[in-house]
Every structure is written in structure tokens, then in C-alpha cells.
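Presented sequentially are two complexes of chain A, the first with chain B as partner and the second with chain C.
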Partner chain A sequence: MTRTRTPGISRRSTLALMGAGAMSVAAPWVARAQAKTIKIGMPTILSGRVAQLGTSSRNAVMLEVDKVNAAGGLAGRQIEMVIRDSKGQPQEAARVARELVNTDGCEWLIDGEASSGSFAVHEVARDLGVLCVHTCSEASSLTADPKQHVPNAFRCVRQGIHDSIVGGSYAAAISKAKGLKKWATCSPDYAYGRDTTGEFTLYLKRFAPDVEIISESWPKLFQPDYTEVVTKILQAKPQALYSCLWGGDLTSYIDQANIYAMFGQMEVFAVNMADYTALTVVKNLPKGIHSGNRYIKSFPTTPENAAWGDAYKAKYNEYPTNWSWQNATAVMFLAEAAKKANSTDGKKIAEVLKGLTIKCPFGADGTVTMRGDDHTLVGYAIGWGTTIPQEPYVPEVKAGDWKTIFELEAEWKKSKGYT
Partner chain B sequence: MDLDALAGCLSSSACLVTQTTSGLIIGMLLFLVAVGLTLIFGVLKIVNFSHGAFYMFGAYFAMTAYQLTGSFALAMLAGAAGTAVLGLIFERVFMSRVYGADVLMQLLVCYAFVLIFDDVVRLIWGPEFRSMGMPAAFQVMPLFIAGGVVPPYYLLLIGVALVAAIVLGIGLSRSRIGKVIRAAAHNPGMVSALGINTGLIYGGVFALGGMLAGLAGALAAPVRSLTPGMGFSVLIESFIVTVIGGMGSIVGALVGALLLGLIRSFGSLGFPLFTEGLMYLFMVIVLVSKPTGLFGKEAA
Partner chain C sequence: MTELEAGRADRLAPVRSVSALQRYRDVLIALIAFAVLATLPLLTDSKALLDFVIRCSAYGLFATSLNLLVGYTGLTSFGHGMFFGLGAYSFGLIMQKLGVPIPVAFVATLAITALVAAVIGAICVRLKEIYFAFVTLAFQMLIHSTILSWASFTGGDQGLRGGIPRPAFLGINLANHVDLYVVSCALLVLGLLAMRQIAQSPFGYTLRMIRDNAARASFLGIDVWRAKLTVFVLAALFASMGGMVMALFVSGAYPEFAYWTISGEGIFINMLGGVSTFLGPMVGTVLLLLLNDTVTRFTEYHGIVLGVVILFFALGLRKGLLDFVAEWYTHRRDAGEGR
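Our next item is the complex of A and B:
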């Protein structure tokens, strides 16, 4: 077979044309940087099983953006949010993020993706050099692992390792006080469930060395029925149970465990219980479930936090989620950084963000900090408490100690080879 | 693998009772969904991929009725009756147009409706998960039988499913209408020639199948969270049940569902990391040794 060249546009010239086109599409933000409004792109999950969390992220961002715009915008420029659905798929999140910058002319990104998608958006931020703030991924490695470091990317999210340290020490204290030595675990069978449970038990055993894990259950994510898991745990007769099930899976589990009267037979530690998405849905919430704070307007117990929770509810007719406060905090950070830099230039903002401390309703002491060396949020309110069936759902939360968190986190980073 | 735990359980009456009832609960709900699937396939020769949606609608109908009336009985009735009507409309308006069409066409229509029904639920009830809540009458301490724990609600659930199975079994084998349905499954042309409205039979069977799935959804609503797309995982397990039991066989669906329930409940003790795999492994073994399923008939 011989190849013949057809007359007309050659392959080489077509490629050259395409290349030129791609170049002009790839760097539009350079030309648009001086536009009056500043566009901020946000990929998040607006459809599918966790749409509620993505919607609550969007709501929180808009609540804060409206405030910033009313106060004159970012260095004199009004914010225009461009928010797109990634359907919770990493490849779609990366595509949307790229499109937001390249086609829509967004100058910054707020990444409202769960862990799987945020790693994809992180690479887009690295590639395009665009300022990016992750607002939903709790996977510690995103910022703890130096290989992941991107100078223009920050994480404004609580972190798995922080939660595990606080949860482990809280649970250990209760274990010692009540003599809870036999523990069972029941968590969803995927990366988050495995990692979080592993870290929690690691710190539980560190603080209470005589604790023994006598039964483990790993139901699959979104499993409709947990009966066999419930009865298996009942057979093992543990004194305490840890679970990081969340959302609809957690409420199903509680309903099904309730009719076996499980909550009267053991202490239950469900890290994701104290989130309004679960608290307001469960019809017969048992009293006395131990939970970490996700977002709850009664913790931190400050008028600022309560007012923020009420303002959100007044506007959207539902309570905020854990993703909400994180997204709101991201906008607060960006606004403060723009004020300090008196600019909207991504590089300048990134410089100011490093180590920046701002006043924030969700801070343990009324402030939160964007730690300079690993670009991650610290100083946020973190603690554990027990549930009651009606508002305020978790009346008292025992706050975690950030000094201990920092010490153990540094140790953990070392053990992982991150430092 | 934790065979000690399994052996320990098998030698303890308390554990045996708890795990067996747990298996029966999972199995009976699965049976209600699977039997509708197998019935529709047996008579209409259609693999109804949208069957999980009826389970979902049953749960949502029950929740709404319960919120409006506070009556558990009315909630169950709403779940079953609502899905029966939905099934009838769905069959008459849409499915009846693809009888005899390419399997791929039938599959596409069903799949399209899986997506449409999920979005309808999202539009009406919202995208977030919901919970119906356990009726006060069943918020009681579980029963202790031979040391094993059995929640009263689950006894009701098993009872209702069992009654449905018996009525269905006797109805199809003894009653006149049952005989007509079986005849229509065997030779619809002849049934039609005898002056019987086969369209009505087909619609009725689809409504019955939908109603059973809806009843399962309604019974599950107090203990499972309601979310758009909740029918999908149940549908997959129902397919495993029908494949194990034999497509088109009601007894097969019952046996398959109960076996699957027991595999889950005892498998979670002995093979905690392989419970799901165990179901598929069992399906493979059945398919290899008897390709038509345990109670399936050889193709003519």
C-alpha cells in the first residue's frame, strides 16, 4: 500500500493551526486579567449521591461572596462565581477546572471537590499555575506529602489526621473512665473509611494501650442494609463501637441498629454524626452517641458562630454542613489576602496567604491560620461531644487541644516520611 | 477469613437465631423485589431493568403517606397501591410498545426510565437522603428467642413477605386468573385467540410485579435511608437472586433470596472481607452446575 498526499491543507499546517488555536485558548486569563469583575471558578458536586454537600458548599460561598461584593469586592473588583457540576467524578472535575480557567476566564479556583476529585484539580492548578483553594478534601496527604506541594494551591479544610488525634484522645479518656477495653469498628470499605478508622484506632491505642479491637466490619459504600453487620457486632459483644459511616449510610445504620437496641449495649463513637445532614434526618436519634464536630452552630460556643449558622439557615432554609464552613472560610481568607495585598494577582495572593491568620467564626480561639509550610488550615474548632435527640443536638463539645495536635501531627508526618 | 467465629456461631443457639433471622430479613425483602422481576420476565419475557425504581417509589410513597396520616398501615398500602398503578401505566404506555423488539431496545427503554424515575424523585422529594422513621408501635425492645435477638418489626416484615409469597404461589397455581397468566406466559397467541385480553393480563402482571417491589420499598422505608437511585443496588442483588433461582420461577426466587440472605448473614461472620464475593461465587457455582438456575426450566 502506498500513501499519497491529497491536495489541500497538509497535516503539518493543520497541526500548526490547531497549535496556534490552543495557545490562544490556553492563556486567555492574561488578556482578561484587568477586567472589572474577577471570575472565580468552582468545580463541585451538584448531582448524585453527595449533591447535598456540593450544594451546601455553593450556598456558603455565595453567602460570603455577597458580603465581600457588598463591601466593595476584592481590591475594588466585584467577584463573579462560575460554579460547575463535576458529578463527583475526578476526570470530570479536572476537565471542568481546566475549562473554567481556559474558556471562562476564571482567575482563581475554589475546589469544592471530595478527595478523589481534589487531587485531580490539584494537578490542574499545578499545570496552569492558577491560584487554587481546596475546600472539601480531608485527605491529609494532599498537603502533608511534600510531593504534592504546589506553590499556588492551599487547603482550607479540616484534616483526617487532626480528627483522628482529637477523636483518639477523646475516646481514650472515655475508655479509661468507663473501662471500655473491647472495641469494634464498622466503617465503609473504601480509602476514606479504611484510613480514618486506622488512624483513629492508632491514636486510641496510643492514649489507652489496653484497648483491643475485637471485631471489624467493612460494609460497602452506599450499602442499603446493615442487618448482618449489626448482628455481627452484637455477637462480638464489644463495649464500644467506632464508625466513620456518613450521610445516608450512617442514618440507615442507626435506624437498623436502633431496633436491635444496640445503642443501649455499647458506647458508640460515630465521628460523622454531629452534622446537620444526618442529625436532622434521623427520626429517632439515640441519646449519647459520641461524635466529632462537623459543623454545629453550638460549637465553638460563640455568638459569631451561632449568628453565621442562623444567617445561613435564614437564607437557604436548612442548616450548613461541614463543607459549608470550610468554603465560607476560604472566601474569608481570599478576601483578607486581597485586602492585604491590595491586588487580585494570584501570585501576590499566594504569598500573603502563607501563614495568614484571620478572624473567623469557626476558629478554636476566634481565628484560623493558613499554615505557611504546608499550605493547610489549622486552628479551626475541633472537638467531640455526645448527642441528644433535639436541638442543639450536641449540647457540649469537648474541644481538642491544638498543642497536642501539632506535636502528634509532626510525629505522624515523620513516620510517613513527609518531613 | 474467620472460620472460628463462624463455627462459634453455629454452635451457639443465640447466635444461630440472631443470624438466621437476620438472613431471613435480608432474604425476604430481596424476595419481594426479585419475585416481581421474575414474574415479569416469566410472562412478558422482558428483563425489567427499571424494576428497582418501583422499590424506590414504594419507599417514597410510604414515607409521604406516613408523614401525612401518621398511619403505618396506610403507608404500606400507599407504597403497594401507588407502585401498582405506576406499574400499570408504565407497562401500558411505554413497555407495551417494545414487546417483541430487540432486547437492546427493551434494555435502553428500561435504562432510560431508571434515569428518568431517579430525576422525578429528585424533583419531587429533593436530592438529599430522607428517613421515614420507625412507627412508635415498633419502637420497643427486641425479643429474645433462645438467647438470640429478634426485633418485632422484622417479625412483621418476614410475616408480610411470607404471606405475599404464599398468596402469590397459590394464586398462580390454583386460581383461574393464575392459570390464565400461566397460559399467557406459555402461549399468548392461543390465549388471545380464546378471547382473553392479553394486554390486560400483561398490564396486570406488570402492576403486580411493581406492587411487590413497592411493598418491599415500603417495608424497608422505616429502616433504610431514602435517596434517589436507592433501587439500583437492590436491583443488582435481585438479578443475582433470579439467576440463582432460575429466571421465571417464583419458588426459585424465594429459595434464591433466602440463600442469599443467609450467605450474607453467616458470611459476614466467617468471611468478613468476602461477603459480597461469596454471593457472586455462589452464583457462579450454580450457573456452572445448572445454567438455568436452581428451579429454571430448560429452554424448549
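Our next item is the complex of A and C:
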């Protein structure tokens, strides 16, 4: 074969030269842009079964970030959010979190992961030393267990143990008033379901000692058919039922239990009912289901909270979720901490965040606090009420008492060997 | 020795030296590959690139070991991910609870994996085709459910929390990113080399014969069950190594590692890269991770993109990428010789 090509600058070296040229022109711009804005990375679940919650987290963060940016940014720096899907897989969450910090140059992380994913991001925060605020994981051990403690990680989320204490005392009061002695439980069969149900019954029995659990059902997470569970509960003839099913599981359960007219036969306590993702999806929402508040714009009954819910609805054409208010609160904390520290340095922010109290529409008394000793959110609005089939869905919510919560939480921590 | 034979011997001599080169060719390639990978941190300070190679090591070991079963023995396992998860959990638990040096935990994990794989394999490899596939899947779900429900030991659905301690050994500190990278590369190269030796050994050719015609192999006096069980256990060991690399990377172990989706990804990788060449799964791993990492940067609808890609490979190429290239190359060479 004879060589026909005349030697000259090859295609490859041309491409390489062009690339190098583009880089040298672009590099100063990139560097300048980085110095001006602050990038905050956020891995969250944007695909799969809980995508709706991840999307609502992103929405809430953007809503608040736009406000902060309009007001001048964080210590003079505009925020640029880099939000990526982790598919709800912990190894992806860890990879995305590392990539956000190492490649995209994110200086802080807002961790929108649930369950195992949040623990994976927690380890990344430990490893890289980057400031991290968890905004979706309700697992108490993430911050309650001192073994998990990471100085630069905070949790801006409600907690299972707080819900159980408030739920237990609320349910006990109704039990005593109505003479509900025989109880059944029905909760999803995984750590959250088992732990939350265990803690709820613990506090229920503590406040109403003559309560007896006569039937327990543990449907699988994401189970499509609840017929056997419903019939099992009906046969046991309890006076009251507790459930911590959530989202699509809770709505399918209610739709199927409605066929058996179950809600007329017992008092139902479903901690995760009062969330718009469940309230607006159920076909015939029964009247009088007792529920804890997830996010509801009628509780706390302040104009700030109602305005925030409406602003969110106006922008995204749907109501916020429980994850939304938590993410919004995280941005409020970061903004306030940056203002106090007059800096965006992660270490300084972490110092300021400890024990920081801010004004917040979701606070029980208009403020929320990032507790200093375990880096977790307290003082948020928490309470129980009963449903009606149309808006406002849960007209009256009885607020939980944070003094009782703190006492019993301290006791619970001791019993777990955390303190 | 006759004159004729002496003449032949002369002609044979250079052949022998070529075969010596052939014999050490794989070792040579492995050494070069490791040298290239190990110098990478000197050339770039991109942590993302190192992260990428570490994940490639974990998934590459896993997918190549799956190919020992799928491509070489014709055993399509839908539950191979259980050994990935088992490796990650055993290693993580040993490090957290016993605090032994890392090499001890490494060997102990391999021993546990071998034991579990021998028991599960003894039941599974008697079955063929879809029955084998489904029984392996059933065992995988059994292990996954055990991890979920034994929450006091495994942490349940929240996984092994609190980080995996990584004490330094022999001057290697795995808490250091570059050290972890080099060790992952070494494990990948050693693992691939070992699997290559298995595939090219007489045992490897026995496996191919079993794949093509198990009855004939049996008639030739091969204990088919024993051979299948052996390769099942060997493949499990390398998958477990992959799991350990992943556990070190994320500093934890999560039930998702033992879920069927991991096995699915392994099969997906093999489809992408190809099963009839040894490095096919490695190519598939790099392809899948590259695709995943770039697509998820831009959209949360990555499922659609990955689906289209797999359709392209399944319907368009009708084989994995490396298989396609190898076939194209052979075709071209044959055509060239024919001219």
C-alpha cells in the first residue's frame, strides 16, 4: 500500500490545539465566576417512586435561594445551586456528592437524601470536611447517635422520635376520653415503620397504661394490595388503629379500606396523613382521621406560613410537601448564618449554626433552633388534628408541647445509650 | 535423533520462545496497565477521575466475574449481586466490629464468601437456564431480606453506618484518596489477571465445553457439577472483591448493594461490552459508568437515555461493543487475506 496522505497538522493535533486555545481563553472567566458566586451542591431523589418529594425539595430550595439572591446573596456572593439526581441509591448519592464538591466546585452541600442515602452523604461530609445540611432524613440516629457525629454536618429535618412523643400523648388523651383500649397497628415493614410504630406505642402506653395492642400488620413497602391487611384488622375488631404508612402506600391503603367502610368502625391515627401529597390524592378522604402535621399551610396558623404555602403554590402549581418546608428552612439557616458570620467559610458557618435560632414560618413559636449539642432541628411546629374531606383538610391542629418532647427525648436518648 | 527430527527441532525452537512470550503476554499487559493507572494521580489532580476509576474497579471486577458464569460457562445468574453485597457487608462488619487489620478482613471476607457461595452454588448449579437464573435470584432476595430484617446487626435499610474504619497497614493508608485509588487499581488488575488465567487454563476450556454441550463434556468424563460449582465459587470471590472496593469507596455498606438491581446492572454491563471477549465487561463497565455520570449531570430522565442505548446495542449491533469490534476486525482481516 502506498501512502497517499500528505503529512501536515493532523486532525487530532488540530482538535487538541483548538481545545487548548478554548481553555486558555475560558480559564480566567471560569475562575472569576467561581470567586463571585457560591455553589451549593444538592444530591436528591428526582427519579423513581419518591421523585415527587425530591422535586418538591428542589422547588422549595429554589424558592428560598431566589429570595436570598435577590437580597444580595450570602455575604455578597450569589448562590448557584447544582442539584442532581441520586436515584435513591446510596452509592450514587455518595458519588454525586463527591462529584459536586470535587468537580463542580460546590462549597457546601444540602443533602436531600432519605434513609440510607443520607448516611452515605454523611460519610462523604465526614471524609471531605465540607459543610453539609441534611434536609430529608427523619432517622433519629443520624444525629442522636454520638457515633454518627460529624462536626460539619447538621440536620434540618423533623424527627421520628419527636413525632412519636407528640403522637403518643395526643392519642392517649383521645383514648382516655373515648375509652379506646384495643388498638391495632399497620405500618410498612422497614426500619422507619418498625421504629416509629414501636416508639408511638411506647408513648401511647406510657400516657394511657390500659391500652392494649391486639393486632399488628406489617405490609411491605410499596405493596400494591392491602386487602389481607384490611380484613385482618377488621376481624380483630380494634377500637383504634395506628399507621405510619406514607405517600402512595397510605393513599392506596385508604382507598382500599374505604371499600370495607373501615373508617366508620374505628378511630384511625395516621401520622403521615396531613401532607398534601396524600390529602389531595385520596379519592374519598374520610372525615375524622387523626394525623400529625407534615406540611399544612393552616398550621402553624400564622399569616407567614399561609403566605409561604401560597407563594409555593403560585410558583409551582402544587402545594409544598413535608420535605419542602425542611429544605426551605435549611436555606434560611444558611442565609442567616452567613449573615452572622459575614463569611461563606464552611467552618465559620458551622460554628455559627450551632445553637442558632432564626425566625421561620414553620416554627412552633415563629422561630426554629439548630440545637448545638447534636446539630439537629428543634422548635418546629408539630401537632395533631383531624381531617375533613376538603380544604383546609385539617382545620384545627393541637400543637405538641416542646417541653414534654425535650424531657422524653432526653430519656429516650439515655435508654438507647446515646448519652 | 534423526537428521529430519533435528531439523524440526530447529524449526520448533523459535516457536517455543514465542509461546513463552505468549504466556507472559497477559502479565505484561497487566503490569503496563497498572503502571499507567498508577501514574495517573501524578498527571492529574482530578479527584473525580480517580473516583471514576475506583468505581470502575468495583463494577469491573463484579461484571467480569459475572462473565465467567454467563459468557464462559453459559450460567446466566440473576443473583450475582448477592456476592457483591456480601463482600461489602462482611468486610464492613468485620472492620467495624472486630477492628482487625485490613488484609485480615479482606481474606476473612473472601473465606466467608467462598463458604456461602459453595452452599448456594451446590443447590443452584444443578439447575439449568431459566431455573438456575431464578433460583440465584431467589437466593439474592433471601440475602437482601436478611440484611433488611437483621437490623440490630446490619443496620437494616439504613445500612452500615458510622463509616468503615481504615487503619493504615504496610504504609498504606486507605483513608487517603490516592492510596485507596492505587489499591483499587491493584485489586482490579490482579483480579482481571487471575480471571484471565482461569479463562485460559484447561479448566477455562472445560467451562466453554460445558457451555456448548454439557452432555458431551459429561461423556468425556468431566464432572460437570463440580466444574460449575468451582467456577460459581471463583466468580463469587471476585464479585466479593468488587463489593469490598465499593464499601471502601462509600465508607459503608447498604442493602442496595445486595439488591437485584445490582445483578441487573451486571447483566446490563455485559450486554453493553460483550460476553465473548475477556475484556468485554470491562469495556461495558466504563461505558455504563460514563453514560450514567454524564447523563445524570444533565437530566433526571436518565432512564430513557440508558434505555435507548441498550435498545441500540440489542437491536442495532445485536451484541456488545467489544464483540462487535472484534468481529469487525476479524472480518476485515479475513477479507484482507482473501485479496
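Please note the rule applied: the second predicted complex is superposed on the first by the 385 of 419 C-alpha atoms of A that agree within 3 Å, B and C clash if a C-alpha of one lies under 4 Å from a C-alpha of the other, contacts with A are read in each partner's own complex, and residues count from 1 in each chain.
Rule of thumb we're sticking to: a contact is a pair of C-beta atoms (placed from the backbone, for glycine too) under 8 Å apart; a residue touches a chain by one contact, two chains touch by 3 or more.
All values derive from a computational prediction rather than experimental measurement.
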Item to complete: Check whether A:51 is in contact with chain B, with chain C, with both or with neither, and answer first, second, both or neither.
Response: both
Practice prompt. Name the contact category of A:282: first (chain B only), second (chain C only), both, or neither.
Written response: first
Worksheet item: Given the touch rule stated above, what does A:403 touch, chain B (first), chain C (second), both, or neither?
Response: neither
Worksheet item: Is A:249 contacted by the first partner chain B, the second partner chain C, both or neither?
Response: first
Worksheet item: Is A:36 touching the first partner chain B, the second partner chain C, both, or neither of them?
Response: neither
Worksheet item: Touching A:123 in the superposition: chain B (first), chain C (second), both, neither?
Response: second
Worksheet item: Which of the two partners, first being chain B and second being chain C, lies in contact with A:84: first, second, both, or neither?
Response: second
Practice prompt. Could you list which residues of chain A make contact with chain B in one structure and with chain C in the other?
Written response: 47, 51
Practice prompt. Would you tell me which residues of chain A are touching chain C in their complex?
Written response: 46-47, 51, 84-85, 87, 89-92, 94-96, 98-99, 102-103, 115-116, 119-120, 122-123, 126-127, 139, 141, 145, 147-148, 190-192, 194
Item to complete: Would you pull the chain A residues touching chain B in the complex into a rising list?
Response: 47-49, 51-52, 55, 216-218, 220, 222-225, 227-232, 234-235, 247-249, 251-252, 255-256, 258-261, 277, 281-284
Fill in: Residue ranges of chain C in contact with chain A within the complex
46-48, 51, 55, 148, 151, 156-159, 161-163, 246, 249-252, 254-257, 261, 293, 296-297, 300-303
Response to the item:
In their shared complex, chain A is touched by residues of chain B numbered 5, 9, 15, 18-19, 22-23, 25-26, 29, 127-134, 138-139, 141-142, 149, 151, 153-154, 220, 222-225, 227, 229-230, 233-234, 264-265, 267-269, 272-273, 275-276
